[in-house]
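In the part that follows, the structures are each spelled out as structure tokens.
In what follows, chain A forms one complex with chain B and a second complex with chain C.
And now, the complex of A and B:
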């Protein structure tokens, strides 16, 4: 039967830079992520950043999904409209999950940390750096033993540098410690699992020490 | 209760007097300030800045008392900046605060400079629980309150945005009066051409050193003051502002989205830049959030912000023992346990 009704998009979230709508796509539950024009940004800069990020996000989502990391399936990319149509993930963000269940019990903390570390390990082994690792950019599918889903690859890039991967982990550490203040052991569990589960993990963790040291030195001045 | 606040962590010295009445009313009684201005192309050195503060701290104190129509007997607490900042200037002002404490028999409260900016901004604007963008010559931080601390969600990983602007103003030889960033702001208004510059955002962190060295090489390659230059000094200022402010607005928006907050407050010396305020306002509008900002009386370093933060702490029992009134150049915003919220 021909689809005569125009699809209805419902706004579910305004994220860090995009609006996310649910929309049926070829009969499947889907979302469309729209990087709308930012009024505050110079149009030339806005276009440059937006088109770069749409392309980068679609490409990285696709690549790491093929490598076996759970990410939303990309259905369609519309460069002109700066939109990506992708699979709707039925679940919640890791941020909301931690806020709802804190304190995490030890067993659960280890399981969640291992899932996160495995995804990050595969991603980094493919030389993909996420660029914005926060608990808002990780989701958990609904159901028992939920799969961890990495989303939001707008700031991602390809790099073989150990430094870039270490900074990726440092961004996550800072996001965890500011958003979920009592989760030191959680991040440590992620690092331990990352060391076990990624091929290039050891040098990245060593580099992370340097990155942290620089961070501590940078304590506010004037 | 009446507090007097002393600030001198960088090139400004300020003395502010603040009253919190029992009925909850808050009154600004005085807030004079003096800035150490260096010749064009030159920054301020700690030793000379300390000498400047030494020369001005007593006249400013007398001026503040006269303006508030008070005598030392009316003062309940003396607040001073413990850090972060430049060592020499900080200790110069702390010595003045200690001396007055002994002379007047009034307790001392040591204050974190960044917390001073935040509390001043909240008080003046009425923002309740904002994401704070703190931007000055020494700091670039995106801050939000959680579990009794002002937590840093994002920051500049190399140089502060104000430092980047000041150094570029020096490269162009712009006057330091009233302050270098103001000179850049005026020139940017006349710029028309957007030059492609590095844009570095990592999560909620930003980096400015790449932009600065790129700008330096542009000036080296083509003197922007020559008539046949491909870009003018105005274009350079315009491009610099458009790029670095876009980065700042972006990381602030990232924090807003991540936390789920709906208020933004800009504080610190760069926060009085009207282009930055305008851009932040447009971002807020597009996501149904609300922007709070202040003008240069309150967002540039001043004594009142120290009085305000110190008085809040003091009303919750904080007193700094004379032996603990040392200063520190490094003092993170999240080190302070916030007991008054």
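And now, the complex of A and C:
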């Protein structure tokens, strides 16, 4: 079959650590996330760090996908090029969704909060900490009764510590209050559902109180 | 045989070039294409397998895959792409590209297990012949294939219908929870992608 045009990758996002492109991949829309070289790091160290992070991200994505949380399917990992090929999610970010439908009605807010809490609960029960929970890193698939998709596991890691999970929620709380100022009740609804839906939820919520008092970083003294 | 294009790979641009678009796989050489021919009602699987394993000259170079564990062509495309990638990087686990394809289809790291579960078996009745190349297989090779396998050649569309979803669930240890076929395929694809870097 003759190609009409050479396929191209289109840059859709550039961050400090990686660039994200959309590409055609075996007839499916896909995205490729490339972690680029850091010129200021020693080349050997750079290679090690980059490849470890690529692997870590792909693993976390796949592990919680297997546990039943919706995440983009990993298609291919090219360690040499530090790239991950994954499913392109057709949908909108929760951030845009909230901004577009603001103010949320009570019923809808509760449903959305429950979906988010369930995903976070399963993820934390698997001892995976997302590391960058914001409403931009959550998406809703297009269609009726859209499932909630967690994306961007670039900062995720495995941890059994209640502290890390509490900080994860704290990051979300701060992100929510800065992007969506009048949604205190929304975060509270997420916490309530989280307590109900995750096995290790109670201690995490208790720890969250501590984290709120002192901020994300633990004190460096003593 | 039916040509199935393999996904072109992404070559990262230098970090200081702020390109909005990057052409994929533009190294001048013709891209690799997977050629596949499914057969149903295969009567001589045991014989074919024996010839294949003996490296008989009547058998063209290819992978013969048992169709029951293939939910979608996508699985084969990925296995081929990964094999070509390992060939490029000199990180192949097996000795040949065609063995590597079978190996990539299987979730575990045992080569013999991959052959047993995904390769043609004595009892196979539906078989997929898979070749990879930059040129389509010659008429001679296609004739060899047609005389070798006593079965009905069918279209690529029939591949999903030849799969045994239960067997796939078992091989990939996906449990028996209710899920759609697409969801199962996603889990299979993800598991294949993470093979070798999961633990």
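By definition in this document, the second predicted complex is superposed on the first by the 192 of 222 C-alpha atoms of A that agree within 3 Å, B and C clash if a C-alpha of one lies under 4 Å from a C-alpha of the other, contacts with A are read in each partner's own complex, and residues count from 1 in each chain.
In the analysis below, a contact is a pair of C-beta atoms (placed from the backbone, for glycine too) under 8 Å apart; a residue touches a chain by one contact, two chains touch by 3 or more.
Just so you know, these numbers come straight off a predicted model, no measurement behind them.
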Which of chain B and chain C A:41 touches, first, second, both or neither: first
Touched partner set for A:15, first chain B, second chain C, both or neither: first
Partner chain(s) touched by A:87 [first = chain B, second = chain C, both, neither]: second
Contacts of A:133 with chain B and chain C, given as first, second, both or neither: first
Which superposed partner A:77 touches (first chain B, second chain C, both, neither): second
Touched partner set for A:178, first chain B, second chain C, both or neither: first
First, second, both or neither for A:67, with chain B first and chain C second: neither
Partner chain in contact with A:158 - chain B first, chain C second, else both or neither: neither
Contact residues common to both interfaces of chain A (with chain B and with chain C): 14, 36, 39
Chain B residues touching chain A - in the complex, by the definition given at the top: 9-10, 84-86, 113-114, 136-139, 141, 144, 146-147, 149, 151-155, 157, 160, 194, 196, 199, 201-205, 242-243, 246, 249-250, 253-254, 257-259, 278-283, 285-288, 329-333
For the chain A and chain C complex, residues of the former touching the latter: 1, 6-11, 14, 19, 21, 23-26, 28, 30, 32, 34, 36-37, 39, 55, 58-59, 61-62, 65-66, 68, 73-83, 85, 87
Contact set on chain C toward chain A in their complex: 3, 5-12, 15, 18-26, 74, 77-78, 81-82, 85, 88-89, 174, 177, 186-187, 189-191, 193-194, 197-198
Complex interface listing, chain A residues touching chain B: 14-17, 36, 38-42, 44-45, 48-49, 95, 131-134, 136, 155, 167, 171, 174-175, 177-179, 181, 214-215, 218-222
